[in-house]
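Here come two complexes built around subunit A, the first alongside subunit B, the second alongside subunit C.
== the complex of A and B ==
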C-alpha cells in the first residue's frame, strides 16, 4: 500500500463548518414553512395501564388548536421504528402512533396540533385522560418472573440468541473466575433535540425533513404505515445537531407524517429536553455474567457468557443489539470454547435502542472488567494477560466465520503501554490517604459495516462539470462528524484535485441513490470505498475523453493533479476543465460515472485505552487525570477529525463509567428530566486525551481506512473502572461508579480486607 | 408589549408577549436561528448570547429585561472584513463537529476574551463550563479559544492554501 497520498491523512474542517460558526446553517429544528403548524405530545404519566377515556374538548376549544390526535382517531397498525427495508428481520412490530395500552412513563397518548408552539403546549395541558393502571415491571428480573403480566402478546422475553463455537480446553488445574457487570440506561445527549417537519402535498405525497441517520428507512416505515407509494414519500436529511445513535430510528417521522397528512398542513414536532430523555430512546441497560476458565499462566480455555438486555417498553432494535453483543468477544480474544446467550426483555421503562457502538461498549465493559479480575486472581499484569490471549492479524472470528483482517490490537496494546509508561505507573502504590491514584487498561473491538449479514453495498454518481469541478451524488447522512468531508477527500485523492473542487451533499430520497445510512460503522469502510470506486471509474471516463481530444491511445495517457498527460511527452496534455468543456459537444454531454460497490469483507477495528484516575476517598468522587486512546484505524482520512472522534468518544465513555444513568423510581418515573440532573462531562472535567493511531492500511476500505466513530468509545468505560479498582483495591462492576457506589465499595473492602 | 432593543448593532422596535424569553424573540421574531435551544433551563449553553459584554443564557431571561441593552448573537460576530478570529480558529482547529453547541461556545469564548484577552487554559475551561458539547471532548474547542487569544488583534493571516477544506458548495 503506497503512502504517497496528496490529501488523505491531512486535517480538514467538517464541510459545513463555515455555516455553523456564522449561525447560517438551517438545522432541522430551525426549519419554518409557510402555514406550518406545531405539535405537542401528551405523554403517559403512568408506567403501565389502559387509557379508558380521553376528553379533548377543552383543548379543541382553545383558539389556534387545529386538531387533537390520539388512539381514538389514528390507525391501530403496529410498526417497528427501527426497520430500514421492507423485508428486514428482527424488527418486531409492537408500536402504534398513539397508545391505548400505555407501557412506560413517556408513551405517546395524544398530540395537539396548533398554530403556535405556545398554543399547542397550553392545549396539551387541557386534555383530560383517565387511565386504569396495571402493575408495572421495571427490571428484566421482574419481567422474566412475571409470565402472567406480558407487556406485549408473546411474553416479556421477546428475543433470545445464542452463539457457541469450539471445544472447551478447560484443564484440571484451570483457574475459574466469574463476574457480573451491569451497565446503565443512558441518554444519548445529542445537543439538538429530536425534531421532524413534514409537508403534505395535494397529490397525496409527503416531504419529510428528517434528522435521522437513514432517509430510506424513514421512507419505508412511513410509507408502509400510511399506505403510500414509496415514490410519494420524499425524505430529506436535514442538518442535525448530533445523534450518537439516538436518532437512528424513526421515532418522530411516523407520527408527524400522520398528523401532517390528516391536517393537510405542514407540521413540526420538536421535542424538549425532558421529552428527548424519556420519550425517544436510550442506550439499553445490560447485565452480563462472564465465567472463564484459564490456565494458571493465563491462557483462556473456556468462556461462558449470559447477557440480559432491558429493551424498555418497545422492541425497537434491541433484538439485533442482543445478537451483536454475542459477536464482539471473539473479535478480541482467542477463546477455544465460547458460549454466549443473550436475551432481550420488555419492561415498563423508556424504549432502548441504537447507541454508539451497538452493544460493543456494553459487552466489552463487562469483558474487560472481568479480564482485570482474572489478572488479579492469577497475580499477573493486566497487559500481559491480554497479550497472551489477544487476536493476531488475519485470524478468523469463529462466531462470524469471517477474517478479522489486518487486526492490529496487539500492536495497539504494546505501543500504548510503552507510550503510557504502563509498567511504571501500574507498579506505583495507589497511596493510602484520602486521594488515591490508579491506572487501568481496556481493549475493544468493533466491526466495519454489515457484510456477512446482508448485501452490504452503496451506490453513487459522480459528475465532472464543464469547469473541472466535481459533484458527488450520494445518500450521505452526516450526524456532524465529517462524513461529507471524508467523501470529498477520498474523491479528491483519486482524481488528484483539491477537495475544494469536489461538492457533496446529504441524502434526499428523491434525488440521491439508495443507501442504508450512517450506522454499523459502515460509512468510511463501505460508503467511502464506494466513493473511491466511483472516482476511479470517472477517472477512466476522463482518460477516454482525453484520448479522443489528444488523438492518443489511452495506454499512453497518465493522470496527475487535475491533468491528463501524454507519457514521455512533457509538453502535451490537457486539463480536466478543458476535457469537460471540449468533449461536451464532441462525444459526451457530461462526463459521469455511477458505481454500485459491494463490500466483500468486514474486518475488525480496535482500540486500546489507558486511563489514570484519582479517587477522593472522602467524597467518592473520581477524576480522570490522564488518558491515552490508541486506535487501529487502518488509515486516517481526515486526521484531525479522527483524533477528535477519540477525544469525544472518551468524553462519552467517561460519562458512562462515572456519571450517567437514568434509573426509574417506584412510580416508573425517570430520575432525570434535564441536564440539571443528568451530568454530561463538561470542559473543566475533561483531562487531556492523547491519541495514538496505528495505521497499516491492510484492509479493503478506501486507502486502507477502517471505522473509528463507534470503536473509539468501546473500551473507555472499562479502562476508567479498571483504574478506579486499581486505585482502591476494589472490584466495582456496576456502572456508573457514582460516589455512593465508590464509598460503598471502599467500605466493603475495608470490612472484608480487615 | 412594546420592546426596543439593539441586536447585532441594529435597533429593533418589537411587539412581544410579556412572557417571551429572549431566545424566543431572537429566533422567532428576528429569525436569528444561530441561537440554539438545547435544554431550555440554562444547562447546555447552546443559546448563549452576549448582553452588554457578558455571556447570558438567552433561554433564562425575559426579552423584556433586555430593554435598551445591546445584544450580540453569533450572527453578529463576523463583520464586513470577514469572520471573527474566534470563528476562524474554530474552523482551523476542528472545533466544529455537529455544530449545535458552536454558537454558544463562540459567544461564551467571546465574552471571556472581552474581559480577559489572554486567559489561562483553566480560565478558558471555566468560561466554557456552562456550554456542553457531546462531540469533541472539548480539546479542539479549548485549543481554538487559546489560539484566538494568541492572535494579534489585527492583521489576521489568510487561511492556509492546502490541507483545509473549501467553502461548502
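== the complex of A and C ==
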C-alpha cells in the first residue's frame, strides 16, 4: 500500500518544532496579561485530618497580596476532575476547590493571589493553619481493613468491576500457576510543569488557557462548578510540553477559574516540580494476582485475575481505569474462561488518574511476568508459549464483544524474535559471575478509541482558500507527539497536495467543533479518520466546482497532485488554486466541507518488545543493554514520529521497571521533590532502541493507521523484568526492581519498599 | 519582603571586609548548586549573601614541593581534567568526574562541596582519603589551616564560623609508587547521588607484589566521609591478588555495619559494599577483573 502513497509514511517535523527550537512558542507559563495576578497554593503537610483554623491575616497584610482563598470563602460543591461530558458515568464527585477535610500530603488547603509570584510565595508561608490529625491509611490493604475510617462517605472501596466470560477448559492434568505483581505509583515526568491562566470578562464569562488534553471537558467542569453558561466559558488549548496523561484531567482549571472570577483579574497558577509530583496526579499503584491453568503443552484453559488499584485521596478516573484493566488480557490471548475482578480503593496518598496506557501497562506487566512464570513451570520457551495462545487476526474479544481487527500480534512476535535473534540469545547461559545477562520478551495490547463505550465521533471543517491552500478547523490537542502534523499529512494525502499547503491548529471551544480530546488512543484512528473523510468530501466539492468551470460531467474528471484533469484529454485541466479563485465568483463563494465521522470499530493495537539486560549481582544495578520494540501500527503516518513514540515509550517503561516510584513514608510524604530524588532513566543509561513496524492497514483508521502513543509503552516494563528474571533465575514481580530488591531476591529475602 | 543583601568581593581584601558583616544567617555563594536549590525549595533567604565568583585568585591547582594545592573555587570540571590532579591525586579527579552532571560540574566547586557537608559528597570522600587540610580566612583576615576531618562535624554541619571562608585545600601529592581510585554506587550509572562511595590509596611494591600504607575512605555511610583504620590495617602488606580482594570485600561489609548499625539501608549497603570493594581493587590493577565468589 505504501507505494501508492505520496505523503503518508514519510517523516515530518512536528508542527511547532521550529517555534520550540527558537523559543517563539508561547507556553501557558509564558502568557502575560495586563493586570495579571499570580497564585500560589498552600498544600496540606499532613496526610489526613481536619482544618480547624486558618489565620491568613499576616499573608493578607503583605503588600501586593490581593486575596487568600480557602474552604472558608469558596464553594463546598464537589466535582470530578476527570469528567468530559455532563452525563458521563464513573465520575464520582468527591473533590472540592479547597479542602477542609484534607486527605493527603499535597491536598489544596488554601491559595494566595498576589501581584507577583514572589509575593504569592512569601505570603503562602505566612498563612497559619491548624489541623486536627486523623489516622491515615497508606495502602489499599489498610484502607479496606479500616471501614471504620472512611476517607469519603460510602467507604474506602468506592468501585468494583467484574468481567467473566466463557467456560473453563481446565483439564485434570492442568498446570496451575499463581503469581502476584505489584506496580508502583509514579510521576508522569512531563518536562513542562502544570499551568493554567484564566482571564475573566466583564460579561461574566471566562477565557481559560488550558494545557489539558480536552478543552470541552475543561469547559464542562468549570462552567458547571461556577454556574456559568457553556458559551461564556472559552477554553483555548495552550501548547503543551508533554503530558503522558498527567494533564488529561482538570486539576488547575477549576481553582484558577474560581480565583479569577472572584478577583476579577487574570490569574496564572504555575506549579513547581514538587507540586507537580505530589499535588497533581500519579499513575496508580496496582496489585494483580493471576491464576492460570493450562495444558502441559501450554494451552491456556482458565484465567482468574484480581486487581486492586490505589486511587489515592480522590476518585478521579480510577473507576474507569479499574474497568479497563479487565479489558486488556483477552485482546492478547485466547482464554476459554476469563474472570477478572478489580476494585478501586481510597488511600491517604497522592491522587491517581490518567496515565499513558490507561491500565494496560499495569495489567500487562502482571500478565506478562506471569506468562514467563508459566513458561518456566512448563519448561517452554516464552516465545513458544505465547505463540500457542496469542490472538489471530479478526478474532472477537469476548469481553467487549468487538472484533480485534487486523490484529498482527503474532507477526510482531515472530518477526521480532527473528530480528532480535531470540532463540540464540535466550539459549545462552546467563553466566554465574558477578555480571549476568538475560533476555526477556513481552506482548502488549491496547485499543483504538472509545467505540463501544461512547458515541465515538469527531467533527471537522475543511476549507479551500482562494489561492489553493487549505485550513482545517478541528479541535486538536497535541501533547507534543505530532497530532497536528498527522492531520495535515492525512488531508494532504487525500487532496494530493503538499502538507505545507494545509494549515491546522489546536482546539478553542469558541471556534473549533466539538471533540473529546486526546486520550483513549483515539486520535489517529478516529480523529484522523475524520480528517480523511472531511478531505474526501472537500475533494468532491472541488471536483463539482471544476466540472462547472470545465463544462464537463464529474464522471470524466480525475484529481491528481493538486489539479483536476479531464480523463483522456491531457490538455484540459484546472489547478486547485484556479478552481478556488474562479469559482468564488462563478460557482460558490466558499469551497468547504464539514463532516461528523462516527467510528464503527475499535480494533486492538499491539506491541511486542524484547529486552536484554546485564545485572550486577554485587550492587543489584541493572543495565538495559539492547532493546527491540515491534509495533502493529497498521500504517505509519509520520514515520519518524512513530519511531520516536516507541523510543520515548521504552524510556518510560524502563524507568517503570527499574527506577521510578513514589512510596509514601509513615508521615504520608512521598520523599520526592524533584528529579534529584526521583530518577527517570537518563541518556547514558539508555540502550539503543530498535523499532520494527508491522504495517498491514486492514482496519478503518486513515490509510489503515492505528494507535501508537499508548501501546508503545504497554509491554516495556514486563520485557525488562522478564530479562532480569532470566539473568538471575529469580521471579521478581514487584516493580520497580530496585538494586535492593534485586539483591534481596538473589539472597531470597523480603525487603520493604524501594 | 525580606531580600538578601548581595556582596560581590573581587579579591581577598574585599572578601575579608564582607566576612566582617556576616551573621549565622549569612551564606557564601560558590557554585550555588546546593545553596540556590535549598533557598528556592525551602523558601528562605540569608540576610547576607557573599558571591565568591569574583575571586578568580582562588581558582588554581599548584604543585608546591610535595604538596598539591587546590583553590577553593576550582570547579569539578577543572579538577576532572587537571593534569596535576590526575597525576598526583587520581582519586580526586575520578571523584570529580562522577559529581552530578556536566552542567553541575561546570559550576560546583571543591570548597562548596566541603562547606555543604553532604554525607554523599564525592569530592569529600576523595579528600578524606588524601588526608587533606583546609585553609580558611576569616573576617579578621586571619588565615588558618586545619584537617578536613575537623571541618566536617556531621551531615550538613561544619566547624566553619559564620565569618570564615574556605580558600584552599591541600594534601601531599601522591608519588608514582601510589595507586589510587574513587568508586561509587548510586541509584543509576550517572547523574546520581552516591549511596556508597570509596576512595582507595595504596603504596604498591612491584617487586614483592604487596600493598602498604593503605588509606580507605568511605562516603555516604553515616554523617560524614571517614577513614576506617581497621579496614586499612586489614590490607596492610597484603598481596595484590584475588584472595586479598575477597578479604577487602568482607572488610568493607564489616566497616559498613560498624558505620550504620540498625539503619534501614544497611542490608543493601553491606552487600553492595562487596561490589564496591571489588570495583576499587580491580581499578587499581591489583587483580584482573576479580569477582566475588558466588554460591
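By definition in this document, the second predicted complex is superposed on the first by the 745 of 754 C-alpha atoms of A that agree within 3 Å, B and C clash if a C-alpha of one lies under 4 Å from a C-alpha of the other, contacts with A are read in each partner's own complex, and residues count from 1 in each chain.
Note that a contact is a pair of C-beta atoms (placed from the backbone, for glycine too) under 8 Å apart; a residue touches a chain by one contact, two chains touch by 3 or more.
No experiment lies behind these values; they were computed from the predicted model shown.
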With subunit A superposed, do subunit B and subunit C clash or fit?
fit
When the two structures are overlaid on chain A, which partner does A:381 contact: first (subunit B), second (subunit C), both, or neither?
neither
A:578 contacts which: subunit B (first), subunit C (second), both, neither?
neither
On the A-aligned overlay, A:548 touches which partner chain: subunit B = first, subunit C = second, or both, or neither?
neither
Quick one: is A:466 in contact with subunit B, with subunit C, with both, or with neither? Answer first, second, both or neither.
neither
With both complexes superposed on chain A, which partner does A:60 reach: first (subunit B), second (subunit C), both or neither?
neither
Give the label of whichever partner, subunit B or subunit C, reaches more residues of subunit A.
B
Looking at the overlay, does A:659 come into contact with subunit B only (first), subunit C only (second), both, or neither?
second
By the touch definition at the top of the document, which applies to A:100: first (subunit B), second (subunit C), both, or neither?
neither
Touched partner set for A:682, first subunit B, second subunit C, both or neither:
both
Smallest inter-chain Cα gap (subunit B/subunit C, superposed on A) in whole Å equals 5
What part of subunit A is shared between its subunit B contacts and its subunit C contacts?
118, 674, 676, 682, 684
Tell me, which parts of subunit B touch subunit A in their complex?
17, 27, 32-41, 43-44, 46, 73-75, 77-78, 83, 87, 90-92, 94, 96-103, 106, 122, 124-126, 128-142, 162-169
Please give the residue numbers of subunit A that touch subunit B in the complex, ascending.
10-27, 29-30, 118, 188-193, 240-242, 244, 272-273, 469, 471, 479-482, 485, 488-489, 498-501, 503, 640-641, 644, 646-652, 674-676, 680, 682-684, 686, 688-689
In the complex, the residues of subunit C that touch subunit A are 1, 37, 41, 43, 185, 187-193, 264, 267-268, 271-272, 274-276, 278, 291-292, 294-295
Residue set of subunit A touching subunit C in the complex reads 62, 118-119, 121-122, 125, 274, 432-434, 616-621, 623, 659, 673-674, 676-677, 679, 681-682, 684-685, 738-740, 743-744, 747, 749, 751-752
